[in-house]
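Next come two complexes, and both contain chain A; in the first it sits with chain B, in the second with chain C.
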Partner chain A sequence: MRPFLLQVAAVTLINLKSIPQRFWLSLSTVVAVALVVMVLLTFLAMSYGFQKTLSGTGAADVAIALRGGAAAEINSAVTRDQVRLIEEGPGIDRGADGRPLTSAELYLVVDGVKRSTGTKANLPLRGVGRDGANVRKGITIQAGRMFAPGSNEVVVGKSLASEFAGFDLGQTVKLGTSQWTVVGVFTADGGVFESEIWADAPAVQSLFKRENYFQTVRARLESPAALASLKQYVESDPRLKLDVKTEQDFYAEQSGQTTDLIQKLGWPLAIAMAFGALAGALNTMYSSVAARAVEIATLRAIGFGGTPAFIGTLVESLLLSVIGGIIGAVATWLIFDGFTTSTLGASFTQVVFSFHLSPALVLQGVGLALVVGLVGGLFPAIRAARQPIVAGLAG
Partner chain B sequence: MNDFVLVFKNLFRRKLRAGLMIFSIFIAFAIFGVLASFERAFNAGQELAAADRLVTVNKINFTQPLPYSYYGRIAGMEGVKRVTFANWFGGYYQDPKQFLITFAVEPRSYMDVMAEEFDIAPDAQAAFVRTRTAALVGETVANKYGWKVGDRVPLSSSIFSQKNGARSWDFDVVGIIKPKKPLIDTNFVLFQYEYFNETRSFAKDTIGWLVLQTTSPAINDKVIKTIDETFANSPFETATDTEKAFNKAFMAQLGNIALIVTLVVGAAFVTILMIVGNTMMMAIRERSREIAVLKALGFPGGRVLRLVLGETLLLALIGGLAGLGAAALVTTAMRESLANFVPGLALNAQIVVLALALMVALGLATGLMPAVNALRLKVAAGLGRG
Partner chain C sequence: MSDHALVRLEGVTKGFVKGQESIAIFKALDLAIPTGDFVAVMGPSGSGKTTLLNLLGGIDHVDAGAITVAGQRIDGLSENALARYRAANVGFVFQFYNLMPMLTAAQNVELPLLLTPLKKAQRRTHVETALAVVGLADRAKHYPREMSGGQQQRVAIARAIVSDPKILLCDEPTGDLDRATADEILGVLQTLNRELGKTIVMVTHDPAAARYAKRTLHLDKGQFFEKDLAA
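And now, the complex of A and B:
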C-alpha cells in the first residue's frame, strides 16, 4: 500500500507543479468556475436575505386575525365590532393597566420615492392602536420619539428611511390632504416592520375615510400555546369570519413565493453556466494530459501504475475548481453580502432587505465547483490512465 | 482548397476541443437569449405604451380609489379625446392561488380606448355592452382554463364581497380578446363595472384609475397639468402620468432587472472569452510549424490573419446560433407557465440582431491575439518548433 501511496503522491506533485506551464488555460478554468459560483451565490444570498427579513418578523406569541381567506393585510377587512369581540377572547396577555394587549390596525399603500432610482414606489402606511408597539417584541425607537396619539405624526422604520427619500427625522410628508411629521425612527430586529410607516390608527382612519373598519387585529398571547384557544373562540363565533394565525407563520408564508422565484432563477442559470465552465475545465484537463503524455508514459515505463496518473489528473482538476469556488465565494461575500435593496412583497409594498451569504450557502457554491472539477477531471484522468505507453513515449 | 475549407478543417481537426468550445459558446448565448427575452417582456409595458395615452391615479397611491364622478369630469376637459376607467377586482378562479388579473370596466369606452391593442369580434363587443353579467376573456386565460363563449364562470375576489355575502360573482363569457400586435398581453378578464358596483358590499361609486387618450401627444403635459390642478386640494387628489412613465415606474418597483440581466450575461461572456481565447492561443501555438509552412509557401500575412480569425468567427457563429435556437425553444416552452408573471415572453428580431453582433465581436476578440501571434511568427522559428 505504501509504495502505491508514494506513487500517487509523487505523480500528483508532478502534476500540480506543471500547472504554471498551462497558466493561462488553468486560470481561465479558475475564473470560469469562480464566476459560476458567484452567480449562484448572489442569487442564493438574495433569496436568503429576503427570507431572513420575513422570517425575522413576528413572534410565535403574537396572533394576527385577518378576514377569512385574505392572504395579505391589504386585502383584509375587520369591523370595529369584530375587534371588540377579539379583545374579549381567551389567551390574550394583559398590559400593566389590565387591558388586553391588542392592536387593531390599518394597512394602506402610499407613494414614496426610491432614493436609488428616483421612481415612485409603494410604501406601507400602518395605522396602529395605542398598544401597537407593545404587542410586538423588539420595537425600539432609535431616534426621536413615538408619535403622539391623535396627531398627524408618524414614525418610520430604519430601512424605509434609508431607502426612500423624504422620511428623515423632522421632515414633513404629504399623504393625501394632510401633512405628517416624521417624529421618530424605529428598529424591529431587522424585520419587515422596518420597511413601514407607522401612525396612530384613528388619524389614518379619518384621512382615508375608513372610520368603521380596520384590516387586522394583533394580540399578544399569554404563550404560543394560547393560540389554539383563541382560534377555537373565533371559529365558534359566527360573527367572526376571521382567520387567526401567529404573526410568525403569517410572514413566513409571505416569503415563500419570492424566495422560490429567486431560487428558481438562480439555480438553472448557475447550472447552465456550470456546463459552460465544465467545457472549459475538460479542455484544460485534456490539454494537461496531452502536454504530459511523454511524462506519463515514461513513469508507466519505469513501473508506475495507471491509477496514480488517474488520481494526479483528477486532483489537479479538483484543485483548480476549488480555488475557483473559493474565489467566487469570497468575491460574492465582499461585493454583495450586506447589499441592501428592496422589492415588491406579498403585501404589494416595498420590502427592504439585505443580501446575506451564510456558510451553508457557501458550501452549496463550493459543492457546485467540486462537481465541475470532478466531472471535468474524470474523463481526462481516464485517458491519462489508459494511454498506451509506447504511443506516449513516441510523443 | 479554398480558405473556408481550410478554416473548417483546422477548427475540427481536434473534434473534442472544438466541440467543447462550441458548447461553452452555446451555453453563453442560450443564457443571453433567455435573459434578454425576459428583460424585454418585463419592459414590454413601456414599449407598447401609446404615446397619446395617460393614466390618472389617486395621488396617495394607485391602490387608493377615486370617485366615479371623475370619469365624467375628465371626459369634459379640453384635449381629452376619450377616457375610460377600471377597477381592480383581485380575482381568482376556484383557488386563491389561481389568481386572475380581472378588471371591472365601463365596456364601450374601455374597448374604444384600447382599440389599437385588442381584437374583439363586433358581436362580442355588442354583447359585452348589452349583457349585465358579461365578461370578455383574454385569449391566454381562455386557453388556460378552456373557457369558450357561452360558458358561465364563477370568479371570486380576494378583496370584495357581494351585498348578499357571497365572495364570488357569476359571469357569462361573451367573447375572447385577441392581441392585435405581438407582445400584447391577454392574460386578463374584463367585466361590467355597473354590475360590480351595484352588487358589491362596500366602496360603492369608487373606481381604481382612469385611462385617457389625448387629442395629440404634444399636449400631454398640458392635459396632465389641467387634470391634476383641477383636483388639487380636494379629498381625492390625482397624479396623472403618461402610460409609459407609469408602466416604467411600476416595473422599477420589482427591482433593477436590467442590472441583474447585464451582470449575469456579463459573467457568462467573460467566462467564454477566457476559455475560447486561451484555447485558441494554444491551438495556434500547436500549429506554428504549419503556419510557418503556409508563409514559406508564400501565403501573405493578411491571409494567415484571416484564416485564424475565420476560425474563431466560425466557432462563435456555430455555438452562438445553436444557443440562440435553444433560447427560442426555452422561451416558447416557458411562455404559457409564466404568463401571469412575465406576459409575452419571446425572442424577437432585436435580440437576434444583438446576438449576431455579439457573435462577431466574440469571434474577433478571441481570435485577435492568436491571429497576431500567427502573423508575427518568423518562418524559421516556426519551422523549428515541434
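And now, the complex of A and C:
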C-alpha cells in the first residue's frame, strides 16, 4: 500500500509541477469554473437574502385575516362589518385601554423611483389602524415621529427610504392624486415592512376613495396558541369568509414563491454555464495528458501502475476546479454579500433585501466546481491510465 | 547460450497492423542472452530493434512465442504483473533521456525506488550511490534543464540502475550525443557491465558504440546475424 501511495504522490507532484507549462490553459479553466460558481452563488445569495427578509417578517402571535383564497394582500378584501366581527373574536390581546389590539389595513400600490437606476417601481402604501404599530412588535421610529391620525402624513420604512427617491424626512411626495408629507422613518427588525410606506388607514381610504374597504385585518394574539380559537370562530361564522393564519406563516408562503423562482432561474443558468466550463476543463486536462504522454509512459515503463496516472490526472483537474470554485465564492462574497437591492414580491410591489451568502451556499458552489473538476478530469484520466506505453514513448 | 540464459526468446513472432497492411517484424525469432552479457543490436531503421527492447521490457506483447527472463515467462502476463516485472527486473535508458523536467536529478533517480518498500533514508542512500556510479554525485539537486545532454543521460542511467534491475535496455543511448560525450556514456555502460556484472542490451546505429559491447547482433528482415568484434 505504501509504495502505491508513493506512486500516487509522485505522479500527482509531477502533474502539479507541470501546470506552469500549461499556465494560460489551466488559468482559463480556473476562471471558467470561478464564473460558474459566481453565477450560481449570486442567485442563491439573492434567493437566500430574500428569504431571510421575508421569513424575518411577521410574528407567530400576530394573526392576519384575508379574503378566502387570497394569496397576497393586494388580492384580498375585507369589509368594515367583517372587521368589526373579527375585533369581537376570541384570543385577541387587549391594549391598555381594554380595546382589542387589531389593525384593519389597506394595501395599495403607488409609484416610486429607484434611486440607483432612476426607473419607476411599484411601492406598497399601507394604511394602518390606530394600533398598526402596536399590533406588531419591533416597529421603531428611527427618525422623526409617527404620523398623526387623519392627516396626510406618512412614515416610511428605512429600506424604502434609502432605495427610492423622494422619501427623505420632511419631503412631500405625491401618492395617487394627493400630496403627503414624510414625517418619520421606521425600522421593523429587517423585515418586509421596512420596504413599505405607512399612513393612517382612514386618510388613505378617503384620499384613495376606498371607503368601507380594507385588504386585511391584523390582530395581536394572546399567544400563538390562541390562533386556533380565532380560526374556529371565523370558520363557524358564515359572514366571515376569511382565511386566518399567523403573519409569520403568511410571509413564509410569500417568500417560498419568489425564492423558488430565483432558484429555478439560478440553477439551470449555472448548470448551462457549467457545461461550458466542463468543456474547458476537458480540453485543459486532455492537453495536460497529451503534454505529459512521454512522462506518463516513462513512469509506466519504470513500473508505475496505470492507477496512479489516473489519480494524478484527476487530482490536477479537481485542484484547478476547486481553486476556481473558491475564487468564485470569494468574489461573490466580496461583490455581493450584503449588496442591497429590491425585487417584486408576491403583491407586485418592491421588496428591498440584501444578498446573503451562507456557508451552506458556498458549499453548494464549491460542490458544483468539484463536479466540473471530477467529470472534466475523469475521461482524460482514463486516457492517461490506458494510453499504450509504446505509443507514449514514441512521443 | 546455455540454460543459464537470463533472457530467452523462443519462436517469437511479432507484427503490426498499419491501416490495411500488416507488417511482420519477427517470425519465429530465437535469442538467448546470458547473465552478464553486453549485447549491441544493430540493423537498419525499421528493422525492429526498438520493438525487440519493448518486448524484453514487457511494454509490448508478442503475437506468438515465449519470452523468459530470469526464469519467468513474461509473455502473457497481465498489465499489473508486467508492471511488477518491469519494476523488479528492467532498467530502461532512452535516446532522449526521458527525465521528468520538473524533478531534480535525485528525484528522478528516486522514482523506481518509490515502487519498493525502501524507507526514505534508504532511498536517499541508494540515490546517492547510483548518482556516484555515473559520476554525478554533486548534481543531485540540479534540474535536467541545468545539465548537458551527457549529464542528463547519466542521470537516466542512474535511474535505470538504482533499483538494481537484472537487465538494462538501452535504445540508442548515445543517438543524441556528440562523439566525446557518447564515449563517456558508453564507458559508463561498459563499467556497469564489467564491474557490476549488469546485463545490457543496447540498440545503436553507431558501429563505434557497438564496439563497447561484448558482441553485436545484426537484425535484418526479422532475423539475427551475429558478428564478432573482428568482423
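Points to keep in mind about this one:
Here, the second predicted complex is superposed on the first by the 392 of 395 C-alpha atoms of A that agree within 3 Å, B and C clash if a C-alpha of one lies under 4 Å from a C-alpha of the other, contacts with A are read in each partner's own complex, and residues count from 1 in each chain.
We adopt the following convention: a contact is a pair of C-beta atoms (placed from the backbone, for glycine too) under 8 Å apart; a residue touches a chain by one contact, two chains touch by 3 or more.
Note that this is a predicted model, so its numbers are computed, not measured.
After overlaying the two complexes on the shared chain, residue contacts for A:Ile14 are found with chain C alone; chain B is out of touch. Contacts of A:Val330 after superposition: neither chain B nor chain C is touched. Once the two complexes are laid over each other on the shared chain, residue contacts for A:Arg2 go to chain C alone; chain B is not touched.
In the superposed model, A:Val390 makes contact with chain C only, not with chain B. When the two complexes are superposed, the chain touching more residues of chain A, out of chain B and chain C, is B. Legend: residue contacts after superposition of the two complexes on their common chain; A:Ala301 is shown touching chain C, with no touch to chain B. Within the complex, the chain B residues that touch chain A are 16-17, 20-21, 23-24, 27-28, 30-31, 59-61, 63-64, 90, 96, 158-159, 167, 202, 233-235, 237, 239, 248-249, 252-256, 263-264, 267-268, 270-272, 274-275, 277-279, 281-282, 341. Note for the complex: chain A touches chain B at residues 24-25, 27-29, 31-32, 35-36, 38-39, 42, 69-72, 74-75, 77, 108-111, 114, 117, 119-122, 175-177, 208-209, 261, 269, 272-273, 275-277, 279-280, 282-283, 286-287, 341-344, 348, 350. Remark: chain A residues 2-3, 6-7, 10, 13-14, 17-18, 294-295, 298-306, 389-390, 393 touch chain C in the complex. For chain C in complex with chain A, the residues that touch the partner chain are 54, 57, 59-60, 79-80, 83-84, 86-88, 90, 92, 94, 98, 100-103, 111-112, 114-117, 159.
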